[in-house]
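Worksheet: one structure, shown below.
Chain naming follows the written order as A, B, C and D, and within any one chain the residues start at number 1.
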Amino acid sequence: MKAINYISVTFPSRSANEAFARTAAACFAAQLDPTLDELGDIKTAVSEAVTNCIVHAYPDSLGKITLKGRILEGGIVEFVIRDWGRGIADVTQARMPMYTTGGEERSGMGFTIMESFMDKLRVRSSVGKGTTVVMRRRIASRSAGRD
Amino acid sequence: MKAINYISVTFPSRSANEAFARTAAACFAAQLDPTLDELGDIKTAVSEAVTNCIVHAYPDSLGKITLKGRILEGGIVEFVIRDWGRGIADVTQARMPMYTTGGEERSGMGFTIMESFMDKLRVRSSVGKGTTVVMRRRIASRSAGRD
Amino acid sequence: MHVTYTCKDGNARIRLLGEIDHHAARQISAEIGRIIDTHLPRSCTLDLSGVTFMDSSGIAVLLRAKRRAEEIDGSFSVEGAGPQIKRVMQTTGLARLISIR
Amino acid sequence: MHVTYTCKDGNARIRLLGEIDHHAARQISAEIGRIIDTHLPRSCTLDLSGVTFMDSSGIAVLLRAKRRAEEIDGSFSVEGAGPQIKRVMQTTGLARLISIR
């Protein structure tokens, strides 16, 4: 699919950047004129993916994270969150509700939220090389009778 | 100066991205706990620099723009806005109040705002190669008796 | 960006909502122009209390609105500008050209 | 993120202001724990009306607060959650574990 508009954002895995990343994603998605609920879903899903990079991909060091956004035809916004950290050995297991390697501060519900809040979620990972999370959400056009 | 935190944002010269860029800059600066007035100054200065890339650097085509942000020691935030567009032949003249090549929709006050709203402004440009604008602003620490 | 207005007894109040930047400027200018041309108000007040951001792209918008209002011998003023807008108007000298309430 | 509270007649009301994410979670949890440990309230209400965002990092914060309150035989509930927080609580099953007013 051809991108109508895009952004590419790079930042280190500092937890202070969680708020920055989800706000940047929401600002970018805003051009599709989403509802507040849709914006909330996007912010939450991106927050989960970026937090995972900070908590799980680079547990003991600072590493690079990229957030890419694209506006696709048909009012679809896509975000790709990527790290070059530890990676996930078994992605199917990692995506199961309540599965976590993060101890009692984590709930294991990050992927569950990403899946419920977005229309499509794809996770690719390679141990020692990093993880790429691709998420898409269609924003219903308001002129099509929603406003 | 060593950067404590940084971001790097890339986007095409679409006018819809003006709001995205200034909001991203403000979100990034927010970690220094600025006042609303300081945030307003930063948003405005970044908006001017990014708009210049869209209007002047790439007048008839879409081109690439980068916005880099860094947090430096001493509570200083730095933004570097860069394009690979038309460039400026005479930077001293371009920085003068009311000088514009943009016709009646432009006021020629963009650089004046950047200079007044930030502590430091540096402009490097090369005709046919592009322009780099570096701006810095110190955010007074609130614990130092400002709140 | 939204533009709404009321016009009563020759007094137009035009209310802008949102952010005034280069992206939005042309549309805002066109809508203000249309309102003035249609109602030919004796006084025109631009209510900026709903504007959350304005950069130098707003200067041409405000100056053009003023010129349009004065071309038909009307008065023009701006009200409800928040601190960020006031700072832009002061720094650029616009505050000396336009009456701010 | 700010945490404020009042405690009267054994009823604690803890009010959170800001965003609950991984960055803020540990500090919020610590402050809630300190308030409960100091006042040993019979009932503890967490007021989320000032919380503008919460992701799954908030789950552990809320569950730990509930556990802490119940360990000293107090009751625990949450109120004022906006739509984004409610959606997270429902999607993750947290809404079944915590009483929401």
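Here, a contact is a pair of C-beta atoms (placed from the backbone, for glycine too) under 8 Å apart; a residue touches a chain by one contact, two chains touch by 3 or more.
Note that the structure is predicted; figures quoted are calculated from it, not measured.
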Neighbouring chains shared between chain B and chain C, ordered by label: none
Between chain C and chain A, distance of the C-alpha-averaged centres to the nearest whole Å: 40
Distance between the centres, which are taken as Cα means, of chain D and chain A, whole angstrom: 25
Cα-centroid distance, chain A relative to chain B, in whole angstrom: 27
Interface hub residues of chain A, defined as touching at least two other chains: 16, 19
Contact pairs between chains, per stated definition: A-B, A-D, B-C
Residue numbers on chain A that touch chain B, as the complex places them: 5-12, 14, 16-17, 19-20, 23-24, 27-28, 30-31
Interface residues, chain A side, partner chain D - complex: 15-16, 18-19, 22, 36-37, 40-41, 43-44, 47-48, 51, 54-55, 97, 104-107, 109-110, 112-113, 116-117
Chain C - residues contacting chain B, complex: 19, 21-23, 25-26, 53, 55-57, 59-60, 83-84, 87-88, 91-92
